[in-house]
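Note that the chains take the letters A, B, C, D, E and F in the order they are written out, and that residue 1 is the start of every chain.
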Amino acid sequence: MNDEMAKLMVVFRTAPYGSIYSFEGLENVLIMGAYDQDVSVLFIDDGVFAIKKGMDNSGTGIKDFSPTFRALEAYDIEKIFIDRTSMESRGLTKDDLVIDAELIESDAVEKMMEEQKNFFMF
Amino acid sequence: MNDEMAKLMVVFRTAPYGSIYSFEGLENVLIMGAYDQDVSVLFIDDGVFAIKKGMDNSGTGIKDFSPTFRALEAYDIEKIFIDRTSMESRGLTKDDLVIDAELIESDAVEKMMEEQKNFFMF
Amino acid sequence: MKLGMIVMESPYQHEASDSAIQFAKAALAKGHEILRVFFYQDGVLNSTKLMEPQSDDRHIQKQWTAIGTENNIEFIVCVAAAKRRGINDTVTAEGFTIGGLGMLTELAIEADRLVEFRA
Amino acid sequence: MKLGMIVMESPYQHEASDSAIQFAKAALAKGHEILRVFFYQDGVLNSTKLMEPQSDDRHIQKQWTAIGTENNIEFIVCVAAAKRRGINDTVTAEGFTIGGLGMLTELAIEADRLVEFRA
Amino acid sequence: MLHMINKSPFESMSLDDCLKYASKGSAIILYEDGIYAAMAGTALESKMNSIAGDYKVYVLKEDLMQRGIDKLISGVTEVDYAGFVDLVEEHKTCSW
Amino acid sequence: MLHMINKSPFESMSLDDCLKYASKGSAIILYEDGIYAAMAGTALESKMNSIAGDYKVYVLKEDLMQRGIDKLISGVTEVDYAGFVDLVEEHKTCSW
């Protein structure tokens, strides 16, 4: 990492499938991975549902994009955070998730946003 | 009114302008008025904001459709109801509204829906 | 039963169109009649033949057209909603017809059940 | 400041496009620079020249085109989002250019502020 | 009446709105993002248990599968799209 | 941070969500259907009074006018689009 890199973040806050926001958030992270910047990813609120294990789209035919989250490491995107309270209040534990994410407390979220050059809400 | 008429209702439940639902609900009422059916109109939840007096679109240019509600009578649509609790919890009284509507209690809403041949939610 | 269906949101952005398609298939499989599907508000965007989703994704317009032509179902695209959104008969796909809002009132008069797929 | 703007929802269905237009005008009136407006998700539907709203309503595509051409602002329509929704260069209006999602990352790198207009 | 709820209960008031009007014993189907209301172990579980006692609550199997949700609160009934169609045949529907 | 809220507080949890993360003293702008949170006399008034004490709450004048809302709770500041732009210049923005 060097000073030329911009700190950028994608925040996932909506549930997957009901709307396209979550899918497009992931598309963005993947593109950002190609730009050699200091990229991080944060899951809050219903955004945590995007990385739930065990999705099966055989009944709907809607593209299941959860496996693609596992590709983030290959794109050198390793700063992945999840709001502990959002996860726990939705009945989830880290074992329920397709990727490993670092738990943070809610009062750290705004500060993390402030530290970015820019961030996206999806 | 005769037995050939279908009982039809348009329910307004979303706030105006933020989305187009409320506007399209009104378009529907006006069209239904041309079909000589037994049409009623019901405002619940944020739908009550659609008939607030005093709208001024000079700052946004978005079409103000509230005056059109006053035309409902001309279309022989006189069964206009408003959920009292929805109105009061939003700080409104009948004096704040562009049209006269009959106040009903929340426990009458589902029954009123059931009595229709069909109804629309907007 | 005689069903009327209304689709109020754009394809891909919301799940409404997907749910409506699955519901229509299940209703037809049970022998119910779908009198008409009325595409309203952003739902009119389901009708465009210019839609080109990624190759690994579903093609929502083609799914509709397949259901409509196989089962001879009327798909009406609301004219006022369509014009506002850049949909006209140069872009609507096979099986979709542009029509007036009165056809929604008629559907409410004729259908045993009306089901709205919305945001 | 150097502003980046993102429009995520379709015109007319949501107020997002209207708010974005008013915000852009106010920012330009104060002398700020809008580096780029990125039309994303259903926001790509702002770009269609086939849009024909009722005569007493605003014409959202023309409002954008006026702002863009008078102020020489780059309007990028996300290519993948556009294809999925039936928007291609046969229907995009003057002032709109179809481009890749990378142009959104570049905007985030270059802009002092990024403002999202969304549902 | 069949009340149709398609929004996340963590984000939208649509289920609460519906309950202000629905009489006890009415049917509710949770689908799309609405299915999260039926998930076991969430902060809404006790509230949802009470709702499942007062209303006939159905939850759409295909949307549960899509989202990888398999542990449900007790008292709710899974239905597939065919069952959804049956519910619509039985009831007038109201989409919130 | 400038938190941007555009959904009705009677229908959406977005303002509550934002407050779980926003530190006291942060700025919030209510616009589009979000402006109803600033309306005087609603069932949310006492909750909003408390929020207006803890945060810098702004409300967009053009969207208030559009909706015919003129009586606001105390402690909120009306801004027009020019003022909205100034707030964006001062703060990073977060659209909920």
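We adopt the following convention: contacts are C-beta pairs under 8 Å (C-beta built on N, C-alpha and C of every residue); 3 or more make two chains touch, one makes a residue touch a chain.
Source: prediction; values computed, not measured.
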Going only through chains that touch each other, how many steps at minimum separate chain B from chain F? 1
Treat touching chains as neighbours and tell me the shortest step distance from chain A to chain E. 1
Listing by label each chain that touches chain A and chain D gives C, F
Chain E-chain F contact: same residues or different, taking over half shared as same? same
Count the C-beta contact pairs for A-F and for B-C, then tell me which is higher. B-C
Mean-CA-position distance for chain F and chain E (Å): 32
At what distance in angstrom does the C-alpha mean of chain E lie from that of chain D? 37
Need the CA-centroid distance for the pair chain A / chain B, whole Å please. 41
Which positions in chain F are in touch with at least two other chains? 6, 10-11, 17, 32-33, 62-63, 80-81, 92, 95
Out of chain C, which residues touch more than one other chain, so two or more? 12-13, 15, 22, 41, 57, 80, 113-114, 116, 118-119
Counting only residues that touch at least two other chains, what does the list for chain B look like? 17-20, 45, 59-60, 62, 118-119, 121
Chain-to-chain touches, reported pairwise for every pair that qualifies: A-C, A-D, A-E, A-F, B-C, B-D, B-E, B-F, C-D, C-E, D-F, E-F
Considering the complex alone, what residue numbers of chain D touch chain B? 12-15, 18, 22, 56-58
For chain B, which residues are in contact with chain C within the complex? 6, 8, 19-21, 24, 27-28, 31-32, 34-35, 37, 117-121
Note: in the complex, chain B contacts chain D through residues 17-20, 59-63
Touching chain A in the complex, chain F uses residues 1, 17, 20-23, 26, 92, 94-96
Help me check something: in the complex, which residues belonging to chain C touch chain E? 1, 3, 15-16, 19, 22-23, 25-27, 29-30, 32, 113-118
